[in-house]
Every structure is written in structure tokens, then in C-alpha cells.
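Order of writing sets the chain letters: A, B, C, D, E and F. Residues in each chain are counted from 1.
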Amino acid sequence: MSLTHFTPSGDAHMVDVGDKVATRRRAVAEGWIRMEPETLALIEQGGHGKGDVLGIARVAGIMGAKRTSELVPLCHPLSLTRIDIALELRHGECAVQCSATVETNGRTGVEMEALCAVQVSLLTIYDMCKAVDRGMCMTDIRLVEKSGGRSGHWRRDPDASNSNP
Amino acid sequence: MSLTHFTPSGDAHMVDVGDKVATRRRAVAEGWIRMEPETLALIEQGGHGKGDVLGIARVAGIMGAKRTSELVPLCHPLSLTRIDIALELRHGECAVQCSATVETNGRTGVEMEALCAVQVSLLTIYDMCKAVDRGMCMTDIRLVEKSGGRSGHWRRDPDASNSNP
Amino acid sequence: MSLTHFTPSGDAHMVDVGDKVATRRRAVAEGWIRMEPETLALIEQGGHGKGDVLGIARVAGIMGAKRTSELVPLCHPLSLTRIDIALELRHGECAVQCSATVETNGRTGVEMEALCAVQVSLLTIYDMCKAVDRGMCMTDIRLVEKSGGRSGHWRRDPDASNSNP
Amino acid sequence: MSLTHFTPSGDAHMVDVGDKVATRRRAVAEGWIRMEPETLALIEQGGHGKGDVLGIARVAGIMGAKRTSELVPLCHPLSLTRIDIALELRHGECAVQCSATVETNGRTGVEMEALCAVQVSLLTIYDMCKAVDRGMCMTDIRLVEKSGGRSGHWRRDPDASNSNP
Amino acid sequence: MSLTHFTPSGDAHMVDVGDKVATRRRAVAEGWIRMEPETLALIEQGGHGKGDVLGIARVAGIMGAKRTSELVPLCHPLSLTRIDIALELRHGECAVQCSATVETNGRTGVEMEALCAVQVSLLTIYDMCKAVDRGMCMTDIRLVEKSGGRSGHWRRDPDASNSNP
Amino acid sequence: MSLTHFTPSGDAHMVDVGDKVATRRRAVAEGWIRMEPETLALIEQGGHGKGDVLGIARVAGIMGAKRTSELVPLCHPLSLTRIDIALELRHGECAVQCSATVETNGRTGVEMEALCAVQVSLLTIYDMCKAVDRGMCMTDIRLVEKSGGRSGHWRRDPDASNSNP
């Protein structure tokens, strides 16, 4: 077992995907930002027309997904065909949950784009709320599902140890 | 209590910091990526001269910190004066821990830059190892310490609930 | 009638174009920047070998078209196959007219790229002339024609109310 | 009278501002996008919690302002201290009006940043509504006011010929 | 003989490649950075686990290749399928040699991407060593080979005048 | 003697410049692109109003200088106050010579920005002429002079071995 992002001599490279077939590929990632109950309440108020934290985080995540190959050194540039970001208030866990679904017709998967979208969305929530809650914590950012390409369909085992925040 | 990133009418804006004093500001953030023991072993081997996953993740994090204000919509552009990223293998937790220290002489803090550096570093580790371990999980990304500016020194309470992965 | 950039629950997303066919698509946009006669004369002199305002504005517009999907949040990233920008001095209207033609072989149209090219070209003219004429006005930036894709050929009605500056 | 963005031999350059004093500078720009009444109604409905076109356009404009020096070739990179964008529905004119206020403590003015913010906001509105109204027209994008720096305070003459759409 | 990047009237444009066939294309470029023997020795020491100058230069080159169309005004944006960068210490010439291989399945060649990768790699070496050797010189940056597309295979004549540093 | 871009343990970092004084700093870099006489003649013709290769290369170099800290991983982001690029036809050497002068009021030097400007200018010339002359060679890209900061004034020794192409 070895890491494909390195040549046999150990040098990093952007893996050759020229022989891969361009197929429909899809990835879903998720993550959470945990916060104080008062902070969650402030975000919820914003949903009612003033100070729409989640709306801005969603836009930031969509734009972040498009920049993935600029941020992740060995990531292939891709023409994404779809980006959807869902943000849900989780009162029980005192958290906002973010899920990102990304698709392409391409030669490589879009896991990185989905994870990047989640990270930038959560980071944007942190930015807008940090003045009232510096201790917020972004957590359990992970791939949920992927399909398309040679490796076929993969879905996170819901019974795995890291399965909820 | 309200969110400063919104005007009284609820519209997002980039907060006016023109009256703030340009002072030395510093932020430290950290985060973890948990993985299978075999994956951690592969990264460790790379540290011995071939396939240097952590070296590439460190560079990506440094470069990511410099792009923070492009990714986070309401974040002020800043001229950073220092970026340091430490990556440690944590065999006990089966994880890599990332810490980022960022400094500026500016009118706003650099918490977002430090958090962004951690996120991009972890994301880059995920990218390089995903072919062997799709289930890796990025977690406990949070601010550890900040100093400078009107709000003075802040340090995360180590006894707080989210204090280790 | 509703806006396709939003889900039924009103959340913004990057529309799924994965099922669209990649066809040859073309868009033409135009716009004007009105100015003082003396400013137009300065630009005209530059065309004779010194201070080539229009040449720089053209390059800026071409480069701007390539960055459209970074600027417009819900815009799909596209591999453009052609960008042409024409800049004409309009002495009668005391203005420079800009026309941009953009093409791709892709799953979505290139209207946004053509409009963005016009905007950045005009903005660049403003920048270079602002020291002598702060009151310049960019105006009538609009789509002229588009072809390709499911919606077929569209051309602006020349008799419409906004048809000249 | 000549253009400062060119050397005596007619070559473009980024003007030397090293001897200018870093002062508080401010610019206000505005612009309009005219559309069909049905389109304006759709945007207005979005303001009530679903499909918030203006909220996304505002974020895009703020982010666009930060990228001005990447888009406009001879523009100086600046650390902005404030960006505010106001978007108003103008039923009488069947248009959305955008105003952007930008500030810095720097050696050059922020007119370009304010104009760029307006353009990107309007472009984003176009993008989100284009499927229902291809004929929208962005117009009367211009500087309203600037202060700070050697040239002092400037305000557009409201009686000037181009003063409303 | 004329330059294809200009229209018959002499205006720059991004050449129309819409009628070209998307084929597998490949380009190899190389370049050298010459330095003092002591500087080369410092880089060599870094290869043994501390201060890995070449590892960072390689990552920078890969990331630089992906940004080529942002830097070179008339260059088409492309989805690269492979980037490999080799860096070799040349003790005889007191230099580091960089070779970059880039591939795509596209409508235009990737010569510019390969050359850009070499330049950014060399520039990064310069940056990391400049504190000890300001006189380093980047030289003989050139295309070595290209294949794919209408013009077929091309290879630099090794007997040509500029064939070694 | 060691490389300042690495910590004692050999990890790359962005060097702390927070304690350095912000002073006026200036760097001049130069480089050459050698070509066939016919290619040089084509560029020269363009100087007479059609196909202005050098004008476009100059703009690209100015814009490239502003992006240096995005391309070079450990480079500090800086607010440049001046960029001048001179391009001269050298018939004797069958080459175009590029010189870039960059200035800032900052805590670090602008050598990298000046070298990056030269590289991007030369790369842009290559791009525009490559269809007629694939064998062009970019060479002798190096720092000529720097001033400001603790290390004071430095000027390349004109008798040094690499002093002309």
C-alpha cells in the first residue's frame, strides 16, 4: 500500500488521470460547528430576515468549492456541474450541521470539492459569530458518500466510531 | 447581543475597522485529522525522505492562510507578518494534529487566518491519503489563543468540553 | 415563474447542469463608458502609439472573462474557447463602446463571461482616465446575442427602450 | 493634460504612490440594473425569506471589491477597512439600485474598489435572474463621492446630464 | 507570417479553438537556476530531511501550472490531467535543473503550463535561498518537447545554440 | 549558514517580520527572451500600432507582480507602491530584454515581486510568439539591484560571470 500522490522516488506529483474515463461523479461531505446556545439562537433569529448567517455561509461554501484546486496542491482542476449546500440548526447538539453535494462529469472525483465547501461554510459561520463566541469548534468534517469512477459507490458506515459529533 | 457583521437592518457588511489601531496581533488555532493506523504509518514513513505528506500539507496551510480574505466573505484583507504550522503525529489518538500560528501588525485579528491555515493543511492530508482511507475525519478545529487588539488576550479553557478529539 | 438559482426552500445553489449536453455556445455583450470630450481625445491620442488605454482595457477584459466564476457566486466554471473584445471610440456619444464575444463548448452558456469582460474593460478605462475625469459613467451594459444550448438563439430587440446610450 | 498611468514614452505603469501619505480615504459609487416588472417582483418575493437575490448580490459585491487590484491592471493593492453595499428596489424605474461605500487607510483612493463592488453586485443579480429576463441592462455605474488624499473631497453634481437612469 | 494572438486589425484576442479537436496533449519544459557552490550545498543538506527546498519548489511549480491562464493574458483555461516536476542538483554547473511535464485532454497545447511550472519552481528556490545568495540566476527556461494537436510532435534540437546553461 | 525559511527542526515557515521596520524598499530585476530574428522582427512591427506584443507583456508583468505572494509559498503579502516594466528590443542579441522596478513601504523586500514581474512578462511574450518560434529561450533572469531594509543597498557586480546573455 502506498500513496498515489508520490512517484516511486517519493516526489509529489499531480497524478496522471488522462486515461481515466470522464464519467458522472458525485460526492457528499458533512461537518459541524458547535457553539454556545446563545450563539445558535442569534443565528436562528437571523434566519427570520435580518443577519442571514447561514445564507452567507452557503454562498461562501459554493464559492470555496470552485477554488479547491487552488488550495489543495495536488488536486486536479475540474469543471463542476452542481454544488448544493444544506445548513441545519441542531439544537440538541448546539451546533450547525453542513452538508455539501458536488457533482462533475470528469476524470476524477469531487470529494475534495465537497469537503472544501463544508470547511469554508463552517469557517464563514465562525467568522460571523466569533465576536460573541470565540470558543466555537468545527468538527467531524468528513466524506459521507461518493459515486462514479472506477472505485464505484462508497458510503460511510453509520456505525463507525466517528459517526456523530 | 448582536452580530457585528450585519447592519441594524440585517444586511451583511465588512465591518469598519478604520478607527482601530494597528497593533501586533497573534492567533493560534489547532485541529486534528483522525485516520486508520495504517494510514498514519504511511505518513510516518513519508517523513523519512519519501512522500512527505506533512511537508506538503504545511506549505498548503501557509498558502491557504494568505487567501483567507478571498474565501471568507466578510473578512478583511491583511498583510500577514508570520505564519508557522506545526504538524505532529499522534499515535495514541491515531491522528495528525495541526497547529497554526499567525501574526500581523494590523487593525483586525488573525483568528480566521489561523483557522483557515489549519483547515487547508488538514484538507491536503486528506487529499494525499484518501486513496487508502476515505473515512478520515477532520475534527476539533478551533482557536487556542489570541492576543493583541482591544479585546486583549484570550486563551481556550483546557477543561472545556471540546478540549480533545 | 421562479428563479432557478434557488431550491424550492429558497436556498441558493449552483444549478445542476450535469444532464445538459456540451454544445458550442456563444454570447455577445456590450456596454459604454461616457466621458468628457477632452478625455475621449486623450484616449484617441493614445491609440497613436503612446498610452494605449484601449489596448490595456482589452487585455483586462479578456483576463476578467476568465475569472467570471470566481466573481459571480452561482456561476459554473467553464473552459472558454474564444474571447474577442472590440473597443470603439464614439465621438457622437462622447463614449467608448465595448463589445465582447465569448465562446465555449460546454454545458452552460457564456452570457456572464461576456458581460464580465465588458465590465472589466470599462472599469479599466475608468481607472486609467479617472485622474482627468472623475465623472465618467459606465452604462448600458447588456447582452446582445446568445446562441447554443436548449434555449436556442436569442437577440436583443433593437427597438427596445434601452437600446442606445 | 495627460494620463498618469503612462510614462512619458507611453508605456503603462503602476504609478508610484510611495511618497503619498497614508490617510483615511473613502469612496461611494452607485449603479442600476433595469429589468421587467415581473423580474423585480420575483426579487422582491425573495426578500421575504426565500431566494434572497439581494443578499447574495451584496456578498458578491463585497468579495468583488477585495479583488479589484487583480482585475484592474494598474490598480494598487490595498487593505480595505470597510465595505458597505446597499441594494434598493426602485419600482418607479423598474430597477435595483446598488450603492457601495468603501474605505481604507492608504496611499491611494478606493474609487475603483467601490465601482468594482457595484459592478459585481449588479452582475450577480443578472446571473440569478437571467433565466427569466435576458434583456436586463446594467446602467449608470459611476462615482458619487470621494474624500481623503491630496485631491480632497469630490461629489458628483446632481444636475449633471447622466444623473439618473 | 503573423502572430495568431492578434486580429487582422492588430487587436489582441484569445484565439478561437472551438473547432480544434480535444486530444491528448503533452509538453515538457526545463530551466536552470545557477548559484554559489555553498548555496547548492545548503539545498543538498535540506534533501536529507531538514529544510526541503526542492520539495517546496516542486509543490509551488505544480500549483503554478494550474494558475497559468490567470497569469498569461491570452492563454486558454485548461483542465490539466497530469503535472510532474523533476528537480536535480547539477554540481558540475552549480545549478538546480527543473523539468516539468504537463498533460491535458484538450483543444490547445500545454506548453505555457509547463514553462510556468518551471518558472514558479525556480522562483521559489530563489526565494528560499536569497538570504544567502542574492546573485542566483534563472536561465535557459525553454520548451523541450511537445506532442498532440495539429502541429504534431516537436522536440528541441539538442545541437541548437542555447542547449545548455 | 542556514536558510531562514526553515525552523531549526527543518520545517518551512513564513518568516516573522513583525519586528522589522516598515521602510521604503526597492528592487530591480531583469531577464531576456532570445528568439529567431524573424520573430524579433514580427514583434518590432507590432510596436507600430498593430499586434502590440510588448504592451501586453508589460501589463501581464505588472499584474503578475501583484500575485507574487500567491505563487511563491513562503513570500509575504505586500502592498506595492510602484511597478515599472521596461521592454527593449536587442537586435544584437536577437532578444527582448525586460527590466522590472518594484517598490513598497513595507517590512520585507520586493525582490521576488520584481523577478516575478520579469518572468510573467517573458512568459507572455513566449505565448504570443510560440506559434512561429517554439524554440525561444528565457534566460538570465536575476536581481540587478535592491535597496531599503536592514541589508541596505545591493547591486549586481557587472563583471560577474553571468552578466550578459
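Assume contacts are C-beta pairs under 8 Å (C-beta built on N, C-alpha and C of every residue); 3 or more make two chains touch, one makes a residue touch a chain.
Since we're looking at a predicted model, the values are computed, not measured.
K.L.:
Any chains in contact with both chain A and chain E?
P.N.:
Of all the chains present, those in contact with both chain A and chain E are B, C.
K.L.:
Fewest touch steps from chain B to chain D?
P.N.:
Between chain B and chain D, the shortest chain-hopping route counts 1.
K.L.:
For chain C, which other chain has the most distant CA centre?
P.N.:
B
K.L.:
Taking mean CA positions as centres, which chain lies farthest from chain E?
P.N.:
D
K.L.:
Test of understanding: which option in C-F, B-D or A-D shares over half of the contact pairs of A-E, residue numbers taken as the match?
P.N.:
So the equivalent interface, with over half the same contact pairs, is B-D.
K.L.:
I'd like the Å distance between the centres of chain B and chain F, where a centre is the mean of that chain's Cα atoms.
P.N.:
32
K.L.:
Taking each chain's centre as its mean C-alpha position, how far apart are chain E and chain F in Å?
P.N.:
16
K.L.:
Could you put a whole-Å number on the gap between the CA centroids of chain D and chain E?
P.N.:
About 38 Å, centre to centre.
K.L.:
Can you list the chain B residues in contact with two or more other chains?
P.N.:
Within chain B, the residues that touch at least two other chains are 12, 49, 52, 55-56, 59-60, 63, 67, 70, 73-74, 78-79.
K.L.:
Based on which chains touch which, is the overall arrangement a line, ring, star, complete graph, or other?
P.N.:
Its topology fits none of the listed shapes; call it other.
K.L.:
Hey, which chains are touching each other here?
P.N.:
Taking the chains two at a time, the touching pairs are A-B, A-C, A-D, A-E, B-D, B-E, B-F, C-D, C-E, C-F, D-F, E-F.
K.L.:
Using the touch rule from the top, collect the residues of chain F that touch chain C in their complex.
P.N.:
Of all residues in chain F, those touching chain C are 48-49, 52, 55-56, 59-60, 63.
K.L.:
Hey, which residues of chain C end up touching chain A in the complex?
P.N.:
7, 11-18, 69-70, 73-74, 76-79, 106-107
K.L.:
Quick check: in the complex, which residue numbers of chain E touch chain A?
P.N.:
On the chain E side, the touching residues are 24, 55, 58-59, 62-63, 66-67, 78-86, 103-105.
K.L.:
Inside the complex, what are the residues of chain C that reach chain D?
P.N.:
Touching chain D from chain C are residues 1-6, 9-10, 12, 31, 34, 38, 42, 46, 49-53, 56, 59-60, 63-64, 67, 70-75, 111-112, 115-116, 119-120, 123-124, 126-132, 134-143, 146, 154, 156-157, 160, 162.
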